[in-house]
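The structures come next, written out as structure tokens.
Two complexes follow with chain A in common, the first pairing it with chain B and the second with chain C.
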Partner chain A sequence: MMNQYDVVVIGGGAGGMSSALGAYQNGAKKVLLVERDIELGGILQQCIHNGFGLHHYKEELTGPAYAERLKQELMDTEIDIKLQTTVLKITKDKEVHMMNEKDGYQVIQAKAIIASNGCRERTRHQIDIPGKRLSGIMTAGLAQRYLNIDGYLVGKKVLILGSGDIGLIMARRMTLEGAKVLGVAEIMPYSNGLNRNIVQCLHDYDIPLYLSHTIAKVSGNDRLEQVTLSEVDEKFQMKEGTNKTFEVDTLLLSVGLIPDNKLLTDISVKMNPITNGAYVNDKYQTNIEGIFACGNSLHVHDLVDYVSEESYEAGKNAANYVLHQNKVKQNIINVKSSDHIHYVIPNQIMLDNKNVAFKFRVTKPMEKALIMIKQGNKIVIEIKKRHLLPAEMENVKVNKKVFKYDDDISIEVKGV
Partner chain B sequence: MFKKEMTCIVCPRGCILTVTKKDGDYQVEGNLCKRGINYGIKEVINPVRQVTSTVKIEDSIHPRLPVVTDKEISKDLIFEVMDEINKVTLKAPIHYRDIIIKNICGTDVNIIASRSMDHI
Partner chain C sequence: MYDVIIIGSGITGAFIAHFLAKYDIKVLVLEKDVEVSDGVTKANSAIIHSGYDPKPNSLKAKLNVLGNKMYGDITKELNVNFKRIGSYTLAFDKEEEVQLKKLYQQGNKNKVETYLLGKKELRAKEPNIKETVRLGLYAPTTGIIAPWEIVYALLENAIYNGVELKTNHEVIDIKKEKNIFCVKTKENTYYTRYVINASGLFAHKITQMVTNDVDYEMRYTRGQYYVIDRGYDDYVNSVIYPTPTNKGKGVLIVPTIHGNILLGPTSEIVDNPNDTEVTKDGLHYIKEHIDYMMNHTPYKGIIRSFSGIRPKTSREDFIIEELKDVKHFIQVAGIESPGLASAPAIAKMVEDSLLKKEQLPMKSDYRVYKQKNLKISEKPIDEINRLIKQNPKYGKIICRCESITEGEIIDAIKGPLGIKTVDGIKRKVRPGSGRCQGGFCQPLIIEILARELKVRKTDILLNNVGSNILIVETKQSGGEK
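Right, the complex of A and B next:
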């Protein structure tokens, strides 16, 4: 007979570990965590800087330390863990097809599946860089992995494209290891990184940040030798006569992350084109019953603490689903993002008297703003904010008792 | 007259502060709230940072072990700390929070392991 589990979790990063714990601690008896790498931790293992865990562990930890703490919690449970095992495919009937060297191809029957398999970095192919294919151009996350896990510095003279946190952190990290970082270029007129990273990664080492700049040209023979930046106008068109050329051997791309969801799209789970993650309700359940999604494969998070919180909930809900298959029918209403809100999660909620956490990002930086949660055209909740940034995900907890009607919910923000 | 510009990082607002020193007294301008004053003055008198890096390790699953200072250390010492860290080669196993270098660069700060690494 096919091997059976109550809950199978795909991915052993912060999200997967937290959801396995959530499922186990809420009554799921047989829980399996599947990770393709040689150890648990996911992206945390290469994020050796600190700044993790302030909410979850009330202590500032490095990425590997955060992973270690979660791993210790897992060791006190009877959760089964398979390492170096890749999930190749799942089915609507909740079969999990996986492969590893020892057992070969295996199929496991699950009652619930949680997809927590993280995200990928946007590569050169997904943005347009004019010029030849050269060695020395790579994503910042890959360079981070080479340096922090394998101890290999990818270049000596570096330029970074994209001012998100990964780019900023790598600017400091490569400087500390003896490389010269000539600058960070950002096409937007503002940085996508946290202020703290701009100060402690760039200002501390006098690394210039070129806002409203993009790459006009890359050149070299086999290896990268030169990168030319150009300033852009409001329509992101390059301005003539603003070119600056840098002699560098390395260009790191930090131009965004995209949730990795092939496993879900293959079985036609309904996807959100803005987040590139699944549409989920407030149980983190996709449109296919018993299939849940959380962590960076649902939407890209900047704080691991929120990944843990959300994924623990997803695990708990998966356990409840397994234990109480025949649920009471509940009223379900849609949640939409409106003016200046880029996206919101969840996309549906069940009307009951529990709490829901609305997570969303604004489309542009805003000073003195008013966030409004509306049902139909009635404002149910208003929250004043001094400052909103696209780089920082907002997380607003609401008791669902306040939603008294069957109308859709929308989240809006306006300047005041 | 001493004068320094910086971004306050205490909250996401990121005020641009100007810190000046006149007759031995520090003054902060550009701050929207009181917390900016403390931050600005501290950044001028004694800026401190946490340092994270890796050290070489043998007989373990990875060739590098991530490490961190157990307290913040003076910003001026960062590169000296890096030099010391880069001199070390460890042998697995190492446990989370083991002290790797005690009292680095003559301070009361230790370099500790960010994670455990088993022997293979």
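Right, the complex of A and C next:
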């Protein structure tokens, strides 16, 4: 007899914990949370800096403290938790195949599955960094784990490529642990991190930020010895005669995150090529009924607070799906991103009287901009914004009553 | 005192060790790197070519065709993954078409099964071949293998049967006194009656230690590659070659035995055998040549790029011979493409040359060491559960991308080869070969290695000496001085 659950949540980070809570608190009776690590919390556990929870808990917490809050909430429920358990595959019929040391290989039948298994870091190979394969070149998140979980520094003289938040945080963290950080290089003419991190992690420690720079070469014998940076033009081509060489033993890469979705792509869930996450409707349901996606495996968030909010909703919707099998098929309309909008989530909404949160990112930094939510050619909502940055996800809540037609919805932004 | 010392633990040295393991003689393999299979063997196209391509009557032709045939039995005996998936060599213009027809004739001469196919048949078999294709040469015996996997299996079998292996032992000098060779490494001196030089990119340097008469020049030829993630099975089913030119086989598309796709190689002469850089130009060259042949190449799935160096020599053919002026010193040099395909036949040839010199007694207790527990997560559920009951570590996934368990990793560390490094583990059981490239599993691999080998985490190497990953322990009392 196969073990049965209403909702199985894959991943025990902020997204997984929040969605399990969402499912349980909205009526799902049997909920299982599966986590591969030895404890819940996911990547929050290695993010020992603060800045988490300002929206969700209205106070500033460290990553582990934020995870602890969610864990405490879970403890007050009857949600089953399996740690050190890896989900190997799921099926379209919502079987969950998983494995651990104690129970062996188990197959569980779920009524709904929520994939909230996070993202991975882009590596040097996805951006074609030239040069040899050397020890001392690694992703910033891996170096963060070594330092904050395992207690080891990966090098003493460091250069960082990419001004995403992990890169900035690691510039400060390595400095505090006694390493010398010689600079952060960013190929774009602007930083990709949150503004507060530029100030608190670079300016406060006199670490130079090289905008419009990329790596021309890495060299060394078995360990990294030298990195050469080059300035780039508007087309990201290296400019001759702009090379700068740095004697470093470590190069950390903070060059983007990719939602990890092998479990979903293996069963041909429809994916969004821009986000590398699933196409979802405003219930966070994928094109396969009863399979939901949220958190960083749906799209990469810059704030964990938004992960929690989104995932709680996904959990609630999964519970509703299980309880009511609501198969509302009518009045589904598409949501599209348009001028200067990189992507928008959800990709589809159901017309009813409820609220929807549109989450999107702009393609370039903008000052004094006008965000327009349109249906067909008609502007339904306009929002003025002083600054818009690609690094900062916009989150606009709308009551769906305003959408009166069957036309597609599009989100646009323009300068004013 | 040894009977035979083999210098080098790449595919050639490993096959030779394997064939000599059944004889009751003392054999030692010396390897300069920390792990075996760390040179030419770890970075090439991973194809067991069919053998229509080499010039008829050359050693390359003879040994490639024979080697290809031998792979079936050997991989079965040792339980190593090997598949004959066939290959298509494609012509896109008149000139290439003429060349391809010549290759077909050559295939007949080399006694390799080949067929000429038209555009329609080709595109029915491989829909992503471009509409501009005119003719294709199909070779059903082309196979794929993970080169290091077979090396690990061959050496494990050899060691299990009494062959000795010393890694991190670079040969720095060889002297011959009377009929005995004195082989010096940095650490030690070893004596032997025979030396087999299977040292790949360094073959000429090793031979120079015993003679001034090295009659070839080494031309280090670099090949750059891309690796594409698993999960793009719709792209190709077989190996795809362009029509070869005098520069070599060209830029290929190779489905790997583990479900990845290789794109490459380039072909560039470099000065230095350690110049395994990838370059912007090289990677661009690959894409350009692939796009000439194929539609819908899933570049989006690229998870890695790498370079390997091939030991081409000025003599162009393989060099497998006893030195004229130094008896009992057998040189195996210039083992470039199709070296992997030819390796078993090359080793057989070396074995035969030894047998011609003297009769070698057989071991009475020779037993084959079969590879076991490969890829736990792919076994039937009942078997997985049986294994987990025996050893719970088989239930713990360490590498999430490739679904590799802790049990498999511990087996690799405790196996006959005694793997010590992160890259060694990666080659043996694959953690770190997937889309995260070790971003998630590397800390766990280091932890398991340090625990099992009873060393500090800061001692664990990525590959060679000096490639430590963790530099300073921050939480020790008093900090690092």
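Definition applied: the second predicted complex is superposed on the first by the 411 of 416 C-alpha atoms of A that agree within 3 Å, B and C clash if a C-alpha of one lies under 4 Å from a C-alpha of the other, contacts with A are read in each partner's own complex, and residues count from 1 in each chain.
One rule holds for everything that comes next: a residue touches a chain if its C-beta (ideal position, glycine included) is under 8 Å from a C-beta of that chain, and two chains touch if they have at least 3 such contacts.
As the structure is a computational prediction, the values presented were derived from the model and not from experiment.
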item	value
First (chain B), second (chain C), both or neither touched by A:319	neither
Touching partner for A:38 - first (chain B), second (chain C), both, neither	first
First, second, both or neither for A:20, with chain B first and chain C second	neither
Partner chain in contact with A:223 - chain B first, chain C second, else both or neither	second
Touched partner set for A:198, first chain B, second chain C, both or neither	first
Contacts of A:99 with chain B and chain C, given as first, second, both or neither	second
Partner chain in contact with A:288 - chain B first, chain C second, else both or neither	neither
Per-residue contact with chain A, leading partner among chain C and chain B	C
First, second, both or neither for A:150, with chain B first and chain C second	both
Touching both chain B and chain C, residues of chain A	147, 149-151, 177
Chain B - residues contacting chain A, complex	6-9, 11-14, 49-54, 56, 61-64, 66, 68, 75, 78-79, 82, 96, 114-116
Complex contact set, residues of chain C against chain A	227, 231, 274-280, 283, 300, 302-307, 377, 381, 384-385, 388-389, 392-393, 395-397, 400-401, 403, 435-440, 442-443, 447, 457-458, 461-475
Chain A residues touching chain C - in the complex, by the definition given at the top	36, 84, 86, 88, 99-105, 107, 120-121, 123, 125-126, 128, 130-135, 138-139, 141-142, 145-147, 149-156, 177-178, 221-223, 249, 260, 262, 265-266, 273
Interface residues, chain A side, partner chain B - complex	38-39, 45, 48-50, 60, 62-65, 67-68, 147-151, 176-177, 194-196, 198-200, 203-204, 386-387, 389, 392
